[in-house]
Amino acid sequence: MNGPAAGLELRDVVAGYGGQPILHSISFSVQPGERLVVVGPNGSGKSTLMKTVVGLLRPMSGAVRLGGADVTALGAPARAALGLAYIPQETNIFRNMTVLENLHVGYEFVAPSKGPTFSERLEAVLGLFPEIRVKLRSTAGHLSGGQRQMVAMAAALMPKPTVLALDEPSAGLSPRNAGLLFEVIGRVAASGVTMLIVEQNTQLGLGAADQGIVLVNGHVRLAAPAMTVRTDPEIRRLYLGGV
Amino acid sequence: MPLEMIVLNSSFFPRRFLLAASVAMAAALACPAIASAEEGPVRIGLLAPLTGTGGPYGQEEEQAARAAVKIINDAGGVLGRKLELVVADDESQPTAGVAAARKLIDVDKVVSIGGVWSSAVALAIKPIVLEKGVLLSTVGSADEITDGDNKRLVWRFQTNGKSWGEGFSKAMVKDGVKSASILVLQTPFTQSTIQPFRKAFTEAGGKVLDEVSFNAGQPSYRTEVERIFAKKPDAVFVAAYINELSAIAKEAFRSGYESKIYAFGNAAGSNGQFVKNVGANVAEGVVWTQQVPVGKSVAYSRYLKEIGKPEGTIMTFGAQVFDQIVLTALAIEKAKSTDATKFGGEFPSLVNGDAPSLGDPAEALKALREGKPFRYAGAASDFRFADNGDQTNLSYGHFVIKSGESKLLGEIR
Amino acid sequence: MGQLLVNGIVAGLLLALPALALSLTFSVLRFANYAIGSYLTCGAYLVYIGNVVLGMPLWLAAGAGAILFAVLAVAIDWLAYRPLRDRSGVTLLVASMGVAIALENVIRFFAGNSPRAYDVAVARPIRLGDVRLNHEQLTILMVVIVALAVVWIVFRFTRLGRMMRAVADNPDLAAVRGITRSRVVACVWLISGILVALSGVLVGLDANIEPQMGWTYLLPVFTATILGGIANPMAAVAGALTLGIAEEFATLVMPVHYRMIVTFLVMVALLLLRPWGLFGTRWVTK
Amino acid sequence: MTAYLIATLTVVAIAALVGLALNLQWGMGGLVNFGLFGFYMLGAYIAGLLTVQGAPPLVALAVAMIGVAALSAVSALISVRLSEDYLAIVTLGFAECLRLVISYEGWLTRGMLGVTGIERPFQNLWPRGFADIGFLAIALFAVLIVYATLQGLARSPFGRLVRATRDDPGVVEALGKSVLNVRVRVFAVGGAILGLAGGLHAFYYTYIDPTQFGPIITAYAFMAVVVGGRGSNRGVLVSAFTLIFLLEGSRFLVDYVHGLGASELAAIRLFIVGVGLVVLLIFKPDGFGREPRSTLAAKSSSSL
């Protein structure tokens, strides 16, 4: 835990619902610019972990640090203002608003007033996702699954976040679309954004990450470089159900 | 769990609830020291519609009752005792009316209940007064109130629906109305005027075009007004109270209709409140009828003087309640008893007699004590009582509103 | 026939503002505010104070009263609903009934039961051929259309509008996009407070001002809102117009006094056949 | 005074029945019935009209209970598969419409004139002067039966299912039970109790008319349940008692508080009811009573 301030760090976090902890003393950190993937079986607490990170769920104990600052007491809007962007699983766009409005909302409540303007960011983001340029006036809810995922990513990237949290980005996508998406994730990562990804598809997820964490029953069972997790047959047999 | 166990279970009533309940009970029991029947003031009850649909008339009733009680007490009270008025609110609603009446009878030990504006309340408390032997005088006009064996305990100080309905027909005929429509509020009183009106009006050669009934407190009366006025009858009989009449008159005016509106005195007269509600323009030409004293009534002037209103003010419910209290006092004095089953029967003899009319309650009381023959000529009307408890021999004033003022056109009998 | 249509449209427009307000609060707060009738009454009386007691012209009194009531609506939310926000919608529903009773009786306490009217002279109607349009109807027409246009513009084209729509659409996502919910909630109460108070004035102009006035509007307002699809504010306006016209035309075939039953039957039929509303898209219930 | 207390206690008994019915529907079942007064009114009318037509009062009462239960079930069917907001407005609409029909269909209901001369059950059994006490005994007996039944129900497996449906319909659905079925049955049983209460109302007053029934009955019932503690039948009994005595007590206030008219006092009284409802929901959400649960239910709920 030495070196530069971590992009994102959790220390001894216990969290859950209605007084029942689901996460037990979770600690990890993601260095700036690094990509960390959390994998694990269903019901292991991955979504709870994500909600705790972005501030939708207040931890019972422990601390969450963002860019070196303690954000444990802050809610989701305040964490967003500090540069944390989040793409939830599945319902990750405003379905009754147009694509452009989605991008607008992604930008205007978070972006610092001195930073790049909306149109500058719009151009930058559309550069990453050229597919949605023609769809700007469409209602987001009418788009295909893959396009929605693009819009969600684009909206999250609008304020130029420093940390991006993705919850199951490939859920509900065809293998081809999932592949395309992870290509984009790779491009985004290349621009220096710190990333925390929760992924069901271990192959795809680990393939796009630097570090990997295996979460089982709310405990961190293993933390290792993504390549190790991905290739070590023992780990895969023990925690990731073969294949 | 067997039933007896539930009852015997010591924790059935948690302690703090028992406490709260006993406080409430104590409050109930700490009611005014109950006067024994033989000494202290004679208690009479007023069950007034202080809230609810009758709300606009409740204050008027209370004021009138207090005025009458004061006059009687100033004249020495009855049987050498003072009258004491106990007022209760019936919320214009039978369930509240029954609870309030029970309180008046069982707790305050009143010998009579006056006021009782709503016919529904009168119908609801009638079984109780008959059982307990308390006098009921009402201003409700539903015909059913006086039906059946009333043991001479129920007296109506109001025209009944039948004669009022006929009164309207006569007024219209007099005004040369050929066709009329009816807008009627859903209450026992207003409805009871409709059939008699229809019958009398058709028999006199008039034509009833349409009839629409409506509820109290509707958000809007536009649809009703459209239905009735669009057929352009000469006149529209609006059988409703002041709230609904105000809304309907306004609606008809701004919808551009010209039919003449006929309304009850307690709605359109009501001491100028109607004109205040709708403005002189809308009120212009509205006709109303009301039972009135023949010529100039001494009792009515006395009433107005007591409540400090100028001569010419029209407050019909007040005048009726004034008569109720005065007659109750006179009957007690005459029967030499505060037992309603005894003094209740005296009501007709006090007004029906063939003797000089007296209007001042104090004078009437004096005449009674001196044994001089007289009959009481009421404030609301120079009425007689029929055996069933209804008033007869009523005459109706036929008024029209001109430039915001009610003008008496004549009398209808 | 033309007259029926005009009257129906005006009746529908009268329902439109409270229906819009109800739908707005529902879409953001996910609870049906049963106090909306009392809100309407309260707004009408506040304006009455300005107009009759203080002698302001009606438009000024309406403006001041609407803003005052909007602040009051936020205060009520703060006192009564905010502490219950985490509880079930049912609890909020019952609480709103409590709020309704309390508000109505505050009014009764100060103003009594007698009906009142604004200080506006009643005039003869404007005639357009066979169709008559009275001045109050004209006022209702103009005020409602302007108010709807303003709300539509705010919704569509402003940051505030996007904020509200985002929270209504997906509250969690809105939070992670930096939108503070409590601020949106306050804005929603302000806007719906203004709308409801204005509709109170219009209802008062159309009929009387009395403590029960809002209560009688409750069922139609809810029906109009459900007709539109309760979570879809602009569709509530369409629902209100539909209901207004339907009620008016129903009087051709059934007694006038059974209009309420028409409202009720429309609602029941809708709930059985298209519970997500005539105009709304399917909305998933809890 | 005694007569007055007897009369008031009878009102308490009827209010307790209404409270118990709502406590089943809302307290235990989580179903908001804003149209409660309509079902109560229906019970009163069925019982009253049948009695006047010559049916024995007890038969009339039974028909009232069955009729109201059936209609409750239907109105629940219309809306319970949607959220609670809809059920609330549907029941309210139903009640308001029912009141309209009763007001206007005079050939059937005697309209605004109301139904007079309703005969009480066992009217001629009591010696003269004891009729009111006799009727009070009947009313209290009804409360006792209903209370015992509901306590039994609360502890039964069905009671557990009802509470589970209230707390998390999803879980119940996942267990393969029909939420709709549970809700319709809860509403029907509650309706039967409301029918009983309404019937007793008709017998007690011997005269019914549409103005006796209004939304305020619903408000008082909710107040009783919230004060008594949602789900606690005993709490509801006690709170109905307290509430009616406080309301009746306020009648005596007019004799003492001067400067305030009756209409102001009525407004204050209802204002307190409204504010009290909100304040209790916020600060004392469980009221003053406790929900009866069998040990089994307690176990199963803690394991959820």
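Order of writing sets the labels: A, B, C and D. Residues in every chain begin at 1.
Please note the rule applied: contacts are C-beta pairs under 8 Å (C-beta built on N, C-alpha and C of every residue); 3 or more make two chains touch, one makes a residue touch a chain.
The structure presented is a predicted model; accordingly, all values stated were derived computationally and were not measured.
A.B. asks: Quickly list, by label, the chains bordering both subunit A and subunit C.
C.D. replies: none
A.B. asks: Tell me which of C-D and B-C has more C-beta pairs in contact.
C.D. replies: The comparison resolves to C-D.
A.B. asks: If you average the CA atoms of subunit A and of subunit D, how far apart do the two points sit, in angstrom?
C.D. replies: Roughly 53 Å, centre to centre.
A.B. asks: For subunit B and subunit D, what's the span in angstrom between their mean Cα positions?
C.D. replies: 33
A.B. asks: Would you kindly tell me how far, in whole Å, the mean C-alpha position of subunit C lies from that of subunit B?
C.D. replies: Chain centres of subunit B and subunit C, defined by C-alpha means, are spaced 38 Å apart.
A.B. asks: Specify, in ascending order, the residues of subunit B that touch 2 or more different other chains.
C.D. replies: Each of 51, 55, 186, 213, 215 in subunit B touches at least two other chains.
A.B. asks: What residues in subunit C touch two or more of the other chains?
C.D. replies: Expected reply: 108, 112-113, 215, 255, 257.
A.B. asks: Could you run through all the chain pairs that touch each other?
C.D. replies: A-C, B-C, B-D, C-D
A.B. asks: In the complex, go through subunit D and note every residue touching subunit B.
C.D. replies: Subunit D reaches subunit B through residues 1-5, 7-8, 11, 100, 103-104, 111-114, 116, 144, 147-148, 151-152, 205-209, 211-212, 214, 234-235, 238-239, 241-242, 245-246, 248-249, 251-252, 254-255, 261-263, 266-267, 288-289.
A.B. asks: In the complex formed with subunit D, which residues of subunit B make contact?
C.D. replies: Contact set of subunit B toward subunit D: 1, 3, 6-7, 12-14, 16-17, 20-21, 24-25, 27-32, 34, 48, 50-51, 53, 55, 58-59, 86-89, 91-95, 98-100, 102-103, 105-107, 118-120, 123-124, 126-127, 142, 144, 186-188, 191, 213, 215.
A.B. asks: Could you list, by residue number, the parts of subunit D that touch subunit C in their complex?
C.D. replies: Contact set of subunit D toward subunit C: 26, 30, 32, 34, 78-79, 82-86, 88-90, 92-94, 96-97, 100-101, 104, 215, 218-219, 222, 226, 263-264, 266-268, 270-271, 273-278, 281-282, 285.
A.B. asks: Where on subunit B is subunit C touching in the complex?
C.D. replies: 51-52, 55-56, 186, 212-215, 217-224, 226-227, 230, 243, 246-247, 250-251, 253-256, 273, 277-279, 281-282
A.B. asks: Over in the complex, which subunit C residues touch subunit D? Could you list them?
C.D. replies: Within the complex, subunit C touches subunit D at residues 26, 31-32, 34, 79-80, 83-84, 87-91, 93-95, 97-106, 108-109, 112-113, 215, 218-219, 222-223, 226, 230, 255, 257-258, 260-261, 263-264, 267-268, 271-272, 275, 285-286.
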